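I'd like to ask you about the structure that follows.
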Amino acid sequence: MSERTIDYDNGPGKVLSNREIAPDHFLMELAAPFDLSRARPGQFVMIRVSEGITPVLRRPFGICSMNKDRGSFTILYRVVGPGTKILSDIPEGLELDILGPLGRGFDVALAGEAPLLIAGGVGVPPLFMLAAALVKNGKKPEVIIGGRSASDLLFVEEFKKIGLKALAATEDGSEGFKGYVTGILEEMISGGRAPSVIYSCGPGPMLKRVGEIAIESGIACQLSLEAVMACGFGVCLGCVLKTCSIDRPDETDYSRVCAEGPVFDAREIIWE
Amino acid sequence: MSERTIDYDNGPGKVLSNREIAPDHFLMELAAPFDLSRARPGQFVMIRVSEGITPVLRRPFGICSMNKDRGSFTILYRVVGPGTKILSDIPEGLELDILGPLGRGFDVALAGEAPLLIAGGVGVPPLFMLAAALVKNGKKPEVIIGGRSASDLLFVEEFKKIGLKALAATEDGSEGFKGYVTGILEEMISGGRAPSVIYSCGPGPMLKRVGEIAIESGIACQLSLEAVMACGFGVCLGCVLKTCSIDRPDETDYSRVCAEGPVFDAREIIWE
Amino acid sequence: MGVKPDLSVEIAGLKLKNPVMTASGTFGYGLEFEPFFDIGRLGAVVVKGLSLQPKAGNPPPRVVETPAGMLNAIGLQNIGIDAFLEHKMPKLKEKNATVIVNFFGNTAEEYLELSRKLDEAEGVHALEVNISCPNVKAGGIVFGTDPTVASKLVSDIKGCTSLPLIVKLSPNVTDIGLMARAVEDAGADAISLINTLTGMSIDIRTRRPRLANVTGGLSGPAIRPVAVRMAWEASKAVNIPIIGIGGIMSAEDAMEFVLAGASAVQIGTASFINPTAAIDVVEGIERYMIEESVQHFSELIAALET
Amino acid sequence: MGVKPDLSVEIAGLKLKNPVMTASGTFGYGLEFEPFFDIGRLGAVVVKGLSLQPKAGNPPPRVVETPAGMLNAIGLQNIGIDAFLEHKMPKLKEKNATVIVNFFGNTAEEYLELSRKLDEAEGVHALEVNISCPNVKAGGIVFGTDPTVASKLVSDIKGCTSLPLIVKLSPNVTDIGLMARAVEDAGADAISLINTLTGMSIDIRTRRPRLANVTGGLSGPAIRPVAVRMAWEASKAVNIPIIGIGGIMSAEDAMEFVLAGASAVQIGTASFINPTAAIDVVEGIERYMIEESVQHFSELIAALET
């Protein structure tokens, strides 16, 4: 496991707002207990959703946006089980224990001329923060958002607000391209509009396919992965992913998604 | 273990109100999921304070009052740990799983001419319901409420509302008689104003002393006891109390506080 | 999905409507559950452990809550075999409950005498012998943790009764597979597990144990992962049916045991928290089978893919 | 209450500022906790279990949450003794941490070779030998559950090092007192317990185990009652110090172990949930001693009244 500078911290953060922005999807604004200037796009926080002992573990959530003036950041989450259910019931004003910012984010320097962001489901949050950063750097990334149907497409409006028109891909064709996000990607490449780099976050199968396409077409590609996490800061070794070194693909190892990741170069990942 | 008719039931009951009436003391009104006409003074309910698994067990609370028109009853509880803390945070409108009415209540038929009610701390609830029943039967019971200091005296106003002036006993003398409730009792007896029967609920040591005095002076006495309970309806055998048969004191046995109790004849109880 | 799934299962020669039983000591003698549901709908009712003579049990406090569980030291209090057969059994028959009698002795002789009595008793469908209750020093732990002692006891009991015999194992052992094989070889018709894990809780202010008995048996959701593992190990070790017990709160929990190799399950502590837990699990398993389009429950037993 | 309570305690000839250590595998190599508190303030830092060669560990998924606990099957992944001594040890010394090295082998020989290496290593204050990790088939379970095998191993290790030796016991045994006596007789200077209880969890939709390794080790609050009971039994069985481990989330939890007979405690899973858990326990024990007006921590060890 490679060394890294440790710049996370843990502390209480007040819930400034917590509202349902789409069925089962909530946007929560939290006062940051850490120095926001440390946070990089693609990093995440570990939140303790209950003072009690169930659920006993914290839950990881990507940082979706930051507001330096308000000293706050947001998370966008989907209710999938007990932890996120409890989170969704938490009233404004309550304080939550927050550990972050954690992990290795996206490499903004890679952006180049035509960066492409591909988000699936709750993969939107880290990519929205990345988009904001790129725009701030004078870039105009392309954005593709995918979902089962129109109602699953998150944050399209927010991307507009920062001047980015997100392309939509829906499996049922209820909005935008009918099919998977990778369908749009393949069209772009075959159409001679290959991106300078691909940043992506979303369901495993989607990331796998995005990575394959990028590698085949020799496009730099960074993927943000998930794993079930016990600690989130590199000590439990529970969140590992099988990886290899880019130049020596036969040298495999287990990397911690919370420490070496969650963002990996597509070529590092060994899918199982 | 003696047989008894089983007339409890289990179901959801809406929280109609839940307010702090004294420091750390809450009064909660609940829609009754059972037929209120079944409930007797001294009976209790088992409430599941959380849908989750912590705390895993239900919590027992005495029925404090009933409102047949509203189809509701109240509990008066003190926050002493996680379960009661969670309960105190529960908002109006939420539904709780309620099992009741449970156990054997006070024997109202014993009342006689000058019944006396002695309450200590959160022993008030079952006695308030008993008082209301006695008043309804045209009796005018004497009431003694004890506490460490004036602020611990619960429900004095409510007793007034049903036409009963409660005598107070405070250890620090900040209100009424300075000392224990048993001090007032002894004065009454020595003053020739011995009650026809004593009904009491409160801390163990108080009940023990009340029982001793009653037995010495040959006064009928019913005491409502507590025990840590897992089920509340007689199946776990976890809540037992050592008892004996009144006529054959050497015949001892373990009785279930939730089933044979919580109300016992003072002569049945073997204090340890 | 038209057709209703078939939940029936056969255990130790006993045909059950469904694979859900109550766990001994957590369902009384069944009658306290009258207001909640018809106990005749359960696969079986396993009654509170019985002994030859009535047993007073341990002094209080007998229970204490723990994280996602509870400790109990009831001390096997029970009304005794005779009172049970006279007063409780008839009522259970009225309700058409499939009755499995859980019993224990303080000596091998007591176990055998109980087996004989129960063999003659009317309405008893099967026996579950508790060789594993950790609460009372003399109450089983020695039998339940030594393979040789356990197998001798089981084969002797088999000699005293023709009723199907379920042997209930203690989890407080190094090798549950070894214990399972020992009782299978001795003639057990089925194995139920787990009984409670021995635990302890201390009041740090009074510096005294929270249970008068000092130690007690841990039950509830907290122990489920250990119980599922033991059901899995036992089912790999033997050919007789396994009955899974330990922290089952829902049909989903029950299915973990079934997929791990259990042919049936028992609902214990859950019945204290939710009196309809056992019947809820029956209905939940039926729902699960419909969702997974499984017609016969037996297809799910040991269907775990490792 | 004027005077500050004295939390110091001596274990295996090692004088500790306070009785609070970190549990191996839950604190990494200590350095990840830099942002939270000064690890030099802890009684000791017990590092992630080390082997002769670096170990890749098990495939994911490696962890799953359970009621009030978690299962892990890390598979003892570690960077190996050499990398530890070269890269991690110097940093731990900078921080003036009292370092206890937890180690394991796949064979008796590996255990002995590690003991020799560590004996020569600089800055190692004591050794904790893991003879009980239930995750890796070859990773200790056989040593940890057989008294004869365990005692042979321990006495051989004692022959290879003059460092204080703490033997960490597995809870997956029938008689923890027997295991404790066996390692004491073999020369162990102290005993730490418990390691994780072996458990299992199943995804009933995929019908697959939630851990790639199928079974894993259960830790967290759920196991505390079992751990306290074992600390109590072990402390009654031996004269060497006991280090209590298992589900400690707070100073109150820690004190249960101490009153039961433990001279020190280790904080494990709690550090994942609350990174300052270990130091919070130190401060909490100090508060408790003030409230109970106890001057010397040692007065509280085994102060349970039964």
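Here are a few things to note about the model shown:
Letters A, B, C and D name the chains as they come in the text, with residue numbers starting at 1 for each one.
The working rule: a residue touches a chain if its C-beta (ideal position, glycine included) is under 8 Å from a C-beta of that chain, and two chains touch if they have at least 3 such contacts.
Fair warning: this is a prediction, and the values are worked out from it, not measured in the lab.
Between subunit C and subunit D, the least number of touching-chain steps is 1.
For subunit A, the chain with the farthest CA centroid is B. By the count of C-beta pairs in contact, the leading chain pair is C-D. For this pair, subunit B with subunit D, the centres built from the Cα atoms lie 47 Å apart.
Chain geometry summary: the mean Cα position of subunit A and that of subunit B are 55 Å apart. If each chain is reduced to the centroid of its CA atoms, subunit A and subunit D end up 36 Å from each other. Multi-chain contact residues of subunit A (touching two or more other chains): 53-54. Of all residues in subunit C, those touching 2 or more other chains are 67-69, 220-221, listed in ascending order. In terms of which chains touch, the assembly is arranged so that all chains touch all other chains.
Subunit B makes touch with subunit C in their complex at residues 1, 6-10, 48, 53-58, 97, 99, 227-242, 253-254, 272. Across the interface of their complex, subunit A is touched by residues 25-28, 31-36, 48, 56-57, 59-65, 67-70, 72, 74, 77, 79, 220-221, 249, 269, 271-276 of subunit D. Of all the residues in subunit C, the ones that touch subunit D in their complex are 66-69, 71, 145, 172-175, 197-202, 204-209, 214-215, 218, 220-226, 228-229, 232, 247, 252, 255-256, 259-260, 288, 292, 303-306.
If you check the complex, the residues on subunit C that touch subunit A are 67-68. Against subunit A, in their complex, subunit B makes its touches with residues 52-54, 82.
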